[in-house]
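The following block contains the structure, expressed as C-alpha cells.
Each chain carries a letter (A, B, C and D) given by its place in the written order, and its residues are counted from 1.
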Amino acid sequence: MDDIDIEVVSDPDLTDPVFIEGLPGVGHVGKLVAEHLVEEFDGDLVRRVYTTDFPPQVTVDDDGVAELTHAEFHHVDADGQDLVVLTGDHQAASNEGHFTLTTAFLDVAEEFGCERAFALGGVPTGELIEDDEYDVLGARTDDTDREELEAAGVEFRENEPAGGIVGVSGLVLGLGARRGLSAACLMGETSGYLVDPKSAQAVLEVLQDLLDVEVDFSDLEDRAEEMEEVVGKIQEMQGGGGGMPSEDELRYIG
Amino acid sequence: MDDIDIEVVSDPDLTDPVFIEGLPGVGHVGKLVAEHLVEEFDGDLVRRVYTTDFPPQVTVDDDGVAELTHAEFHHVDADGQDLVVLTGDHQAASNEGHFTLTTAFLDVAEEFGCERAFALGGVPTGELIEDDEYDVLGARTDDTDREELEAAGVEFRENEPAGGIVGVSGLVLGLGARRGLSAACLMGETSGYLVDPKSAQAVLEVLQDLLDVEVDFSDLEDRAEEMEEVVGKIQEMQGGGGGMPSEDELRYIG
Amino acid sequence: MDDIDIEVVSDPDLTDPVFIEGLPGVGHVGKLVAEHLVEEFDGDLVRRVYTTDFPPQVTVDDDGVAELTHAEFHHVDADGQDLVVLTGDHQAASNEGHFTLTTAFLDVAEEFGCERAFALGGVPTGELIEDDEYDVLGARTDDTDREELEAAGVEFRENEPAGGIVGVSGLVLGLGARRGLSAACLMGETSGYLVDPKSAQAVLEVLQDLLDVEVDFSDLEDRAEEMEEVVGKIQEMQGGGGGMPSEDELRYIG
Amino acid sequence: MDDIDIEVVSDPDLTDPVFIEGLPGVGHVGKLVAEHLVEEFDGDLVRRVYTTDFPPQVTVDDDGVAELTHAEFHHVDADGQDLVVLTGDHQAASNEGHFTLTTAFLDVAEEFGCERAFALGGVPTGELIEDDEYDVLGARTDDTDREELEAAGVEFRENEPAGGIVGVSGLVLGLGARRGLSAACLMGETSGYLVDPKSAQAVLEVLQDLLDVEVDFSDLEDRAEEMEEVVGKIQEMQGGGGGMPSEDELRYIG
C-alpha cells in the first residue's frame, strides 16, 4: 500500500460543487454536520482514502465484515447544490501526515471541480454553553467575502481562536489558500467535553444560509436531547441537580 | 539493511496452503496457538522477516549466540493440510510500520499460494473468564462464509470488538481483503491481564474444525495449569483465596 | 507540499549581510531580539519557509484570515548594515526536522550572501536574575574572533552551557561551521520561567556593539516593565512581597 | 546534510584490526572502556559520524567553540594490535535510526578491514555489586569460539541477559553476523544506577586477555575511588553508613 491510496468508487459530473470537510475534532461538531448532510440528502460514496498515517486498524460491521480504516468522500445533492463531503473517524497521526493527507483531500476536491470549501469544526470554550447561545466563529482565506460570511451569522473575533486552528480544518484553509481555493472554517462554540449536536445545529444553520439550501434538523435535535439527558443524569449523581458536572466526569462522555 | 528484509530459508511446494498469523497481542492468544501448531506438527522454518520497525535488539540463545529480532514463517504439514504459520516476538513499532510489515507478510503468504488466512488473537474482557467458558469472537473478509465460521463455533456479535481490531491481525483482514485474500480473525476471549493458554485452546478448537485437522492439546493444558497455580498463589497472598487478583498484580504476570 | 517549501517574497541585493536567527526558545530571548530588530528598522519580508515538520496549524489574523504556520526572513537595513533576520513561532518537531530545517535556513542565508551569523537565544539559570545583571554567554564557530566577541561583552565560561546548545541556534553553529559560515551564539541569561525582555535587552546591547549599529530600546523596556508588574503581583499574592515566586507559579507565565 | 554523514579525518593502513564499540549504555561501562583505550594508547581520530538521528545539538568546548554532535572512530595502536574504537555521547533516537547508524558503523569497520569485533556494555543487576565481584557476561556471533571467550573470563548464562541486548551493541552482533563479522558482546555486571568504572575494569581485564595486550588501569581505578566516595557520602547522609543507598538516590548520580 502507498502512503496514500485513493479508491475511486464513482465519478459523477458535478456542477459548481462545494467541498465540505467534517473530520473528528472538538465536540465532533464538524463530523456531526458532515454526516448529517450525507444522511439527510442520501449522499453517494465517491471516494475512499486510505493512508498509512491512520491507525493500523479495521472496524467490524454488523455482519462481522472487517473494513480497513479510511476517510470517505460522498457526493451530496442538496436540493440542486452539489456538495463533496469528507467524513471519517480519524485525523492523521503525525505532523507530516496531516500535510500529506490534507493535500490528498484537496486534490480530490479539485478533481471534482470544487472552488469553494467549508471546513467544519468546534471551538472549545471550556464551559457548558448556556441558554443555547451557540455562536459560530469563523476564519477564512483572503479571497472570501467577510461580509457575506458575517451576514450568514459567522462571527470574527480578534485573537480567536487563540491557538489558531489545528488539524485538517486548519490546513484546508492554509494549504487551500496556496492553491487558490476559496475556503472558510466554521467553528461552533462547544464546551469541548461532550459530543455536541447543538453546536452542530448552530454550524448547520450558518451553512444552510451560505449554501442556500434547507436541511431537516430533527435527527440532530434528537441527538441533542439524548446528550441533555446524559448531562442531566450526571448532575443528579452529583447530588445537586443544579451543579455543573466536573471536567473529569465530562471528559469520559462521547 | 532495507526497511524490510526477507530471508529465504527454504522454498517447499505447498498444496492449498492456509496462512495462519499468530503474532503477540492480548493474552498472547494468537502467538500461543501459532507456536503450538509449529511445535505439534514439527514445522520447518521457511522465512525470516527482519525490519527496521522492530526494536533494535538481539535475543541470546542457550549457547550465547545472538540473533537479530525477526518474525518467522514455518511450513506446517498438519495431517496433510499445508499451513504457512507466522510467529514472532513483536508487532511493528509505528503506524506506517504496521502497514509495511503486514504487506510484506501478505506477499510471503501469496508467494506460497495461500488463498485463505486466519489471523489469531485475543479480545480483552477486563475480567477473569469463569467456568472455562471461553468464547471465540470472529471478524471476516466479505467473501468468507459466515455460516461455516459459526458452525465451527465462531461468534459474531454486534459492535464487538468495540474498538475494532488493531495491529497485524486487523490488517491481515483489511489489507488482505483488498488483494483478494479470504480471511477470518479468530479472537479468544481473555481477561487481558495474563498469558492465556485456555483462551488459546478455545481458539485452537475452532481452528481444528475449520481446517479439519486434529491437534494434541496436552502442552497447552500443561501451560494452562501452570498459569492457574500462579493465579492461585496470588489469590492466597491476598489473604482471601476467593478474592480476585487486582489488576495491578496481574499486569506483571506473563 | 514538499517537506520544505520556500516562498520567495522579494529578492533585494544586499551588501555584506549578516544572518540573525531568533526562533522561540528559553525565555523567548532570541525571538524578542529578532522581532525588535525587524520592528525598529521596519524590515521587509523576503522569504516564507513552510515545512511539514511544523505543527499542522494556521494562525488567524485580525481580519479573520488564516495563514499557514511558517518561519519568516526579513531584510533589515540597520543604519546601512544589511541584516537577514529569521523569526517564527516554532522550532521543528523532530530531530531530523531540525537538521533539514536549519539546512534550509542556512541555504537562504547563503543565497543572500551572508558570511557571518548570530544565533540568538537564552540560557536558563533556574532562578530570577537579580540586580539586572544579565550576562550574555557565547559559543562560536572556530573561525570567529573570540577576543572581538569578549570585547563586545560576550562571556565564555568553561562547561557552559552545560548541556550544549539544542535546536536551531545550536545547528546554525554546528551545520554552519561545516559550510564555512562564521557564526556566534549569543545567549542571554534568564530564569527560564518567563518571557524575558530584559535578557533580550542584554543580548541586543552586545549585538549592537558587534554589528556597529544603534537600536532604540524603549519598546523592550516597556515590555520589561510589564513583566515586572506581573512578577510583582505574583509576589504580593504570595502574601510576602519580598518572597520569590515559586517555580510552579512562574512556569505558567509567558 | 544526509541522514548519515561520515567525515574522513585520516586513513591509516591497519593490520588485522579489531573493531571495538563503546557507545553510552548501562553504567556507561562500554563508553568508559573504549575511551580508556583511546586515552591510554593515545589514539588518532580517523572518522566523525554525523546523523540526523542524533539530537539536534552542539557541545561547546573550553574555548567556546561549538561542535556538532557526532560519534568518533579512533585508530588505537595497542602495543602492535590495531584497534578501531568507536565512542560517542549518544545512541540513535529511533528504531530505524539504530539500524541505519549501526550499518554505517559496520561499513566503516569493514572499510578498515576489521573481521573481529567486541561490543562493550553493561548488564544491570539492580543492586550494588558486592566484594568487587564484577562478572562479565557474554553473547556472540555463531562463528566465534565460545571456549576461547570463556577462557578469558567471559560467562555465558542461560536466559541472560533476560531481555536480550538492545541498541548498537546488540546490532553489532545481529547485523554483523549477517555480513560475516565475528563479534562478541562483553557486558560487565553493574548496578545500573551509577557510572561504573569498576565494571569497566572487569570488562577491560577480559578484553586485555582476548586482544593479548596490556593496559594501564590506574585512571579507571582513580575514577572508581571517586565513585566510591560519592556512594560513601550518600550512605552517611542516610544516617547509617552501612545502609544501602536507595534506588532513588542512586538514580541521580552519574
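Keep this in mind: contacts are C-beta pairs under 8 Å (C-beta built on N, C-alpha and C of every residue); 3 or more make two chains touch, one makes a residue touch a chain.
Chains and their UniProt names: A, B, C, D = Proteasome assembly chaperone family protein.
Everything quoted here is computed from the prediction, not taken from an experiment.
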item: Any chain that touches chain D and chain C; value: none
item: Centroid-based (C-alpha) most distant chain relative to chain C; value: B
item: Self-contact between copies chain A and chain B, residue sets same or different by half; value: different
item: Distance from the mean Cα position of chain D to that of chain A, given in whole angstrom; value: 54
item: Between chain C and chain A, distance of the C-alpha-averaged centres to the nearest whole Å; value: 38
item: Of all residues in chain C, the ones touching two or more other chains; value: none
item: Touching pairs - complete list by chain label; value: A-B, A-C, B-D, C-D
item: In the complex with chain D, residue positions of chain B that touch it; value: 1, 3, 52-60, 62-69, 93-94
item: Complex contact set, residues of chain C against chain D; value: 92, 95-96, 98-100, 102-103, 138-142, 146, 149, 156, 158-161, 163-168, 170-171, 173-175, 177-178, 185
